[in-house]
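Both complexes below contain chain A, partnered by chain B and then by chain C.
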Partner chain A sequence: MAADLSSTANSILFDRSARTVWRIGFDRWIGRLLPLLFLVAIFPILSLVYYISEKAVPTLTWNVITSTSPYGDHLGVAIVGTFELYLFATSLAVLFGLFGGVAVAEFLPESAANWVRTSANLLVGTPSVILGYMGYITFCLYFGWGLTFEAGAVTMAFFMTPYIFRTADLAFTSVPAPIREAALGSGARPSQYILKVGAPIAFPQILTGIFLALAIGVGETAPIVLTTTASVLVPQNLHSPVTVLTALIWENYAQAPSTGLQTIAFQAAFLILVIVLVLNVVVRVISTIYRKRLEGLYQ
Partner chain B sequence: MSSPVPDPVRDRQPIPAAAGPSSPVPSAPARAPFARVLSGIVPYLPAAVPAVMLIIIVVALVHASGFTNFGLQFFSLHFDPPVDQWGIAVFLIGSFLVAVPALFFSMLFGVGLAVASTAYLPKLVTQVLDPFVDLLAGIPSVVYGIWAFIIVAPYFGSTVEPTIHAYLGFLPGFSGPTQSGGTGIMLAVFILTLMALPITTLLIRDSLRAVPKDLWESGLALGATRWEVVRRVAIPYARRGIFSAAFLGFGRAFGETVAVAMVLGSATVLPSSVYAIGNTMAAEMFELLDSAYGNSQFLAALSEMAVVLLIISLVVNVVGRRFISRLYKEQVAGL
Partner chain C sequence: MSGTGLDMGPVLSVRGVSVRARKVERPLLDQISIDFAPRSLTALVGPSGCGKSTFVRTLNRMVELTPGLRVGGQVLYLGQDIYARNVNPVLVRRRIGMVFQRPTVFPISIFENAAFGLRLVHESNEEIDRAVAQALQRSGLWEEVKDRLDEPALSLSGGQQQRLCIARALAVRPKVILLDEPTSALDPAATQRVESTMETLKEDFVLILVTHNVGQAARVADRVAFLHSGRLIEVGPTADILERPKEALTEQFITGRFT
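Moving on, here comes the complex of A and B:
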């Protein structure tokens, strides 16, 4: 009897049937092959960064970046245009997104808040070309602003607001409930709670959201191209035309190589890539610090 | 009906206000009714921002399209503005032709990458490798476009497409003549796969990580291999996340504009093979808005196309987000 049992146990523990060998071998090989799929992501990134640097860096002098001369082989005009337009757009987006997010997180009852969150999510999922059309139809035609700095900036603000809105909402809802209740329970008014307790805790995450919105917004092309016209001068006022880096790429990428305009497009692409990657790194660093701080709050 | 025993709760009397200046409850300053209503509403107003923005988008597009201009002819195959032919079917089909294969490949790679990093690779390695996939989401589409147009397209035209033609030429759709330039459906599918990959990978990875550790371990303890646990336990458990990854990835690929406009060519006929040029709704709208200036019929047609695109992407997003609404506690790029 005992011998029977041990032989059964042996046959289970040291099962060498073809099926078991196949199962274990399959598992082992798929574990070796699946990680190779990371090449699908890593190889294009390396290729993209390498070739764009190769085309852009040798001719990218300090003069090319800083000179705002109106002739087509300098980037200064586009850099100043990008900076001013996104400064304007980000300010507007922060204004709307921050107030909206705080209101949803702190004041709105849960059922209504979920509707608002859904609509913010839908805005994020809307293709950017649709936002460009909205900007063109509403601001350029209906408001009569034409293809100008202001139309582009307000359209970009439309694009960036939902991102900032969602982070502000998340940041204020993820303030630890004991801290919120302690503040409100000891008699703080909502405004006092928001400014003195909630804001310091939520601030890093909101900052992450702003940088993230900026990183996504700076890379957008369609809304800008549809609502502004290119210019060889830096924007003089809100009604002037403006050139931004992404629009510069779109206009010049298919020009004949002999004109040198393609090189300008590659240099603009290189700068955009650097800006976006730096913003992404900043987002990562801030959110790591923030997560540690938030964990500290619970201790 | 009063009970003989005094009941402190039922027989509660209003507490008499303490007389004199040392009253503990200061009386609220009297406000005009209008100001009171206003101060009750104002904190709620900013919450309407996203809803109002969405309404503005819908109203602007619907208003500009008129929406009754074209009727069923709008879905015909003939798009020829000079002779008033406004069929968008070519672009609608073109959008699906590039978005569906791109979604297929990005789901395939996404499941593979997610399984590799949740079930097989040690944590230290995934911490190094996963950010590369997330990095794909951060690269702007116009940068993808110029890279694909100048650097990848010649390689596709000279090497990849002839090779695929030689081996798969017997399949329908793969038989047509290859283009020497390399731009076309295949290049667009390649770029869109890269652009949809981070979203699908991220969602599948996080939904696989959300599978309870008990399930993984009980599967392994019963003698299943890791692959069998993934296949029979983890993926069925995470099916909602995988489902929403498919929808959101599709939304991303379907609405992508600039990169597609750069690599797909601008054809107004249906592509005959995977090597042919074509066009999508988003790219066509983007390229043609300039020509629509001053031509109200043209602008109406394009706006109507925008409404169709908006409806499709809203539906895709509503379905895709139903399952992940509160899965994420912080912002994720492009999600």
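Moving on, here comes the complex of A and C:
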């Protein structure tokens, strides 16, 4: 019996059949191929960053970025416009997305919740240019707001809402069921459970969702250029026109191709890259800190 | 509390309770009737899937958190049906506390975990301090945590977390505490500490313990109820059920012929 077992072990360990040899060889080559595939993926990104930086950085001075003069390159104007418009849009989107996510995760019956989830997924899949036209027709024309800061911000809020909604929904539904039951079983009303137990657990995930929605939104052009008109001034009030960085690319590169204006477009693109990179790093740092705090929670 | 007439009668009285799931022929619980007297520890034993967890969940309306389950019959708490239409389940759960299979501490400090139920009802701070200290003493955790009440509860060991969960249930001074396999995720030493906590608690509370472990029932329970396929097969004093069961099913379970 023992002899049989050891001979079986031998035949497995020292198997030299064609099939095994082929399998080991295949495994080795795939192992070498994967790093190459990584290069294939990283190459376009790096070359894009290099291409943009090469054209943008040499003439990009602190003065160019911070100047909000109507007679300058308008990069400073666009930065202020971007900051204000996305602050407004994100606030609205967080409001809609958070309430929607909590409602779907905690309050709506399952069938209704699934309808809302499907709608949100459809909204994410809608081309941003369609959303832009919807915003244009609804806010600029039907509501009569015109091509203004408010129309752009609200349209952008609608663009960002489903991303925040989905993470909020997921964050609350993935709170461990026993933790939820323990809170409710201690006599917490649903609202008390959400504020005292659910929110702290869901917080890092929701925060990640907000920043990712912002990072995606900052790079979107269509919803903004269709609902706002560019200005050489920083926004004065909600009814002002507003220039954002993506609009600067659209106006200067696609509409008015001359080398000087193109450089401004590259500088705007470079600034968007930097903003998106910073947002991603912030997301990583914050969610790591908060995840550490939740370590050891009921798994 | 002693001396009131209510002490004489059962605190909880279950009358013909059935639980059905939508589109399932066989009820999860079938016409269960049982009384729970003050200052007693009743162990519910039975094979996996016999409905013992579902049963304790009907006692504080936790069962309603599972969509698709319908409860029939009456559960009388001090004579009042908790399923009556004007009864708020939130208030029921503040009177009938619960401890779960695995420690369910919240990611907040040790103190705030124990104070959780009290904060919900907006007790004064002095009252909360007093009740938390008392609850932690009763759950046998006070000596281990009194100097580190502000530390995160997640830094405690599994057994300590479970005793913290018991303290959380105790702090609101319920009359009944439901324990759903509270030691199934704990090592033997921690299990032993939780069991001794249960033994002191039964002096003051109605404890209802779900356990798959007949040995645990023998160690701590005054009374054992045996459930099988959603039916209450028999109930009686621990020694009677474990040594002289009347029903064949009970005997088979206790002697380990099925689990």
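By definition in this document, the second predicted complex is superposed on the first by the 240 of 299 C-alpha atoms of A that agree within 3 Å, B and C clash if a C-alpha of one lies under 4 Å from a C-alpha of the other, contacts with A are read in each partner's own complex, and residues count from 1 in each chain.
As a convention for this text, contacts are C-beta pairs under 8 Å (C-beta built on N, C-alpha and C of every residue); 3 or more make two chains touch, one makes a residue touch a chain.
These numbers were taken from a predicted model, which means no experiment stands behind them.
Touch criterion not met for A:V278: it reaches neither chain B nor chain C.
For chain A, the partner that touches more of its residues is B, with chain B and chain C as the two candidates. Using the contact criterion defined above for the overlaid structures, shared-chain residue A:R293 touches chain C, although it does not reach chain B.
When the two complexes are overlaid on their common chain A, residue A:V104 makes contact with chain B while staying clear of chain C. By the touch criterion stated above, A:P178 is placed in contact with chain C alone, chain B being left untouched. In the superposition on chain A, A:D27 makes contact with chain B only, not with chain C. Contacts of A:G125 after superposition: chain B is touched, whereas chain C is not reached. After overlaying the two complexes on the shared chain, residue contacts for A:S186 are found with chain C alone; chain B is out of touch. Contacts of A:L87 after superposition on the shared chain: neither chain B nor chain C is touched. Touching of chain A by both chain B and chain C, each in its own complex, is seen for no residue at all. Of all residues in chain A, only 109-110, 176, 178-179, 181-189, 192, 196-197, 200-201, 293-298 touch chain C in the complex they form.
The touching residues of chain C, counted against chain A in their complex, run 60, 62, 65, 67, 90-91, 93-94, 97-98, 100-108, 116-117, 119-121, 152, 154-155, 165, 168-169, 172. By the touch criterion given at the top, residues 43-51, 53-54, 56-57, 60-61, 63-64, 109, 112-113, 115-116, 119-121, 125, 129, 132-133, 135-136, 138-147, 149-151, 194, 197, 201, 225-228, 248, 251, 254-258, 262, 282, 285-286, 289, 299, 302-303, 306, 309-310, 313-314, 316-318, 320-321, 325, 329-331, 333-335 of chain B touch chain A in their complex.
The touching residues of chain A, counted against chain B in their complex, run 23-24, 26-27, 30-31, 34-35, 37-38, 40-42, 44-45, 47-48, 51-52, 55, 96-97, 99-100, 102-104, 106-108, 112-134, 136-138, 141-142, 158, 161-163, 165-167, 170, 174, 190, 205, 208-209, 212, 215-216, 218-222, 225-226, 246, 249-250, 253-254, 262, 265-266, 269, 272-273, 276-277, 280, 283, 287.
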